[in-house]
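So the structure is just underneath, and the comments pick up after that.
For reference, chains read A, B and C in written order, and residue numbers begin at 1 within each chain.
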Amino acid sequence: MEYMKPDEIVELFKKRLNKSTIIDSRIETKTAGLTKSSYNVIWLKINPEDLKNAVKLLSTIHFPHLAIISGNDMGEEIELIYHFSIYYGARFKEISIDLSIHLPKKDLRIPTITDLIPGAQVTEREMKEMMGITVEGLPELPNLFLPKDFAKDTHPFRRDEKGIYPLSKNGNYVGNNIIRKEEVKKIE
Amino acid sequence: MTSISLFEILVKIIGAIVIAFLGIVIGLFYKGIDRKLAARMQARVGPPIRQPFLDFFKLMIKENIVPENAVPWIFNGAPIMTLVSSITILLYLPVGNIPPILSGYGDIVLIIYLLTLPAIGMVVGGFASGSPYANIGAQREMVMMMSYELPLVTAVIALGWKLSQVYPQLNVFSLVAINANPIWGLVGPLGFIGAILLFITLAAVTPGELSKIPFDAPEAETELAGGILVEYSGRNLALFGLTDAVKTIVMTSLTVALFFPYGISHLLAFNGAFALIVDTLFFLVKIFLVMFFEVTFIRVAVARLKIDQVSFAYWIPVSIIGLLGLMLIVLDTIIV
Amino acid sequence: MSKETYSIPIGPVHPSLKEPVTFNFEIYGEHIENVNLAPGDNHRGIEFMGMQRNLIQIIYLAERICGICSASHPFAFCRAVENAAGIEIPERAQYIRVIIAELERIHSHILWAGVAAHELGFDSVLYLSWRAREEVLDLLEYLTGNRINYGIFMVGGVRRDISEEQIPRIRKTLGYYKDIYSKIEDIFLNDPTIALRTKNVGVLTKEDALNFCAVGPTARASGVKKDIRQDQPYSAYADLEVKAITPDVLTGVVNGDVYDRIIVRLLELVQSIQIIEQCLENMPAGEIIAEKKLVKLLNQLKKAKGEGIGRHEAPRGECIHYVKLNESEFPEVWKARAPTYNNLMSWVPMLLGQQIADIPIVIASIDPCIACMDRVTILNKDNGQKKVLTKKDLHELSVQKTRRITP
């Protein structure tokens, strides 16, 4: 089996996808142990429209292992990072690839990748429930992480009015539709 | 049939009550010993020996819950039926040299029929609980009943047939006759091997009859959360506990009566009431040993089997061993 | 003939489950026709809580994601923070981390062996193997101060050194496991009843393992040679020859059944012993932490900006943490993923077509560890109003309930 170098992978992405798709790319090299052996992590920021193509392209290199999708509410937009890894199964060869997409709050839709990687279902459903992202192509299923009767328009990981009220010291993410501050004071 | 006087009836009733009481007490006591020994073999301390008694008394004062979708009269009747039927079997079994209370009113064929009754009672109770777990448990219990009947009957028939060849005038299926003429004395070398095979067959049937590991699929704690017994609580569960204890005594006594009916009083030259006591104690030791090897030891040494594997084990290997034993005994008789 | 199926629920509380998770099975006779999986009963909102805490507090929170993986989560988390903030950790600390992680693997795998035996109805093996597990727990207590939740990991290194006097005690424990390993292997691989219950049960094909993103021994038993200690060596693993263990090492074939998962875990026990021995031999001298003063470290982390992932091969599979720092006291994002999260989906192909009796062992065979998030917000069904229950409310509710059931 032939292994591509990290920079070659980034080049391949730039060549095969639209030029404008790759917004940002970064290769990290980390070392470990007395021998200072190194491994690589690739961070790619891409356009949300090309997510599926990027995953398809990744599959042509090596069947990718999807660890998880992590989400981050950045105010105006939501960042989703797909943590992939390829070339597992051989010593020192594995490369972590993190595909990051930024979705504007107005248009929170991503295509499902469960047709390419069926195992992505769990994590896509988590993002759907926790972040309020519409996953197109994913069947309508009951809540997996939240209680079954949880409010449909509340998403715990959001930091805007759709999030939940955190009873914590840094009250930046107060959602005012849940409990008024006076009520909280009354309880406390 | 001879006419029975009122006095005899009274004696039999009192005897039955005494035997039932002793059967329950000894059964619970042996259950305690069984749990303690199993615990020691598993490197645990284990519960105190009186634990089954404590369990029983605690359960008796607990609330008896009948599930909403159960059939109450069947649900409550099943534990009583199982307990009564297992105590009835006890009345047909000889204790040491004391003949059975009900000797003369039935024989070992009746016992085989009676043995299915506790199982049927549990199946009925399981289906009446209206819980899916209990339903599955009841289905499995039925499958198991159908599976272990053949080897059980094979073992008993072989003994009876051999006895009928040697003493044609006897009522060969009465336990008194079997008890008085141990199988080992009647057979030659071939038949001896056959008798050992029959003993193995009966030993394999015992854990199945008692729903103990490896044949505890109907109750399977980790799969069905107690299976048949899942919905039972309070008094009903206590009665099932008693049934289990009595059934253990029944099955081990049956093994002892069929294969080891020896006493030691004549060896030690005792007679009278003292001989009776010594033989009874020796009988208790014998059923303890049988219980230890057939129940306690097996259940700590193996894993639980699936129901299809249980069924297969009884229909094929155990049945073959039983039939082989029967054949060897027949051959032994023909050749000699 | 029409198939009349009926459904049985397993969970959220069931003797075969050690943690709350719900399954709904469609059963035909004794065979499973359909599986519905509904986890989420154990969501504690750990990630949410973590984002309200500083990075050093999160280490202890991460430790408590799961009692058994209490070295894996902090290991992965510390690596994520170190990658994000660009902290280099001393070599000696890398070796100590690996020793603790491998000791944890030994205890986790023996724990699993006991649980698996219990699910099979083989309680004797449960008690004997858990007794064998005590030895490594005692050693961990001796080294770290705790039997579980070791509290030894710190951003930039470890908090306790392994001194020269402690090494003979470690070697003694390793010797103990070498002695009893043959017994454990004999029980699990040669016992006829265990073989009857585990061979060709809960088969996960290699294709399914890849498709459903399985990790750890679950994936390796299906023939996917995936082990981060081999693929992307970190810490001291980079100096050691670690090979992903697949069942064909022992039997020559890969079936992907429960039996194969037992083989993989047993062989990993031996592997862990070897790794610890190599670590003890090659352990360099030096510092054990990059920054000793916690206040200084916190200040350094407060100024850091960046993102990083930390991966660790936990006993159950790959454990991955993602941390994003944004020049603030609290991390902007903390995402923790336990291995069971990925193995969840592989339950479905394993369970379909099996018997009811196989359910406990198949569920146990991936060594599930159900841990996650929040359930405090409830929706009042009567008036549709959302409300957060406080401790006081819960107390009030429980008093009401008690009054109701006791006249």
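Quick note on the criterion: a residue touches a chain if its C-beta (ideal position, glycine included) is under 8 Å from a C-beta of that chain, and two chains touch if they have at least 3 such contacts.
Since the structure is predicted, the reported quantities are computational estimates derived from the model, not experimental observations.
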item: Pair sharing more residue contacts (C-beta pairs) when A-C is set against B-C; value: A-C
item: Most distant chain from chain B by Cα centroid; value: A
item: Centre-of-Cα separation between chain B and chain A, whole angstrom; value: 63
item: Whole-Å gap separating chain A and chain C, where each centre is the average of the chain's CA atoms; value: 22
item: Distance between the centres, which are taken as Cα means, of chain C and chain B, whole angstrom; value: 45
item: Numbers and ranges of chain C residues touching at least 2 other chains; value: none
item: Sites on chain B touched by chain C in the complex; value: 41-44, 132-133, 135-136, 139, 213-214, 216-217, 220-225, 300-309
item: Of chain A, residues touching chain C in the complex; value: 28, 30-37, 39, 41, 43, 63, 65-68, 70-72, 81, 83, 85, 87-96, 98, 117-123, 130, 142-151, 154, 156-157, 164-170, 177-179, 187-188
item: Interface residues, chain C side, partner chain A - complex; value: 38-40, 43, 45, 47-48, 52, 83, 91, 94, 210-215, 224-226, 228, 230-239, 243-244, 282, 284, 307, 309, 311, 318, 320, 322, 324, 330, 332-333, 335, 337, 341-342, 344-345, 372-375, 377-379, 381, 386-388, 390, 392-393
item: Interfacial residue positions of chain C with respect to chain B in the complex; value: 6-9, 14-16, 27, 30, 117-124, 126-128, 131, 191, 193-194, 196-197, 355-360
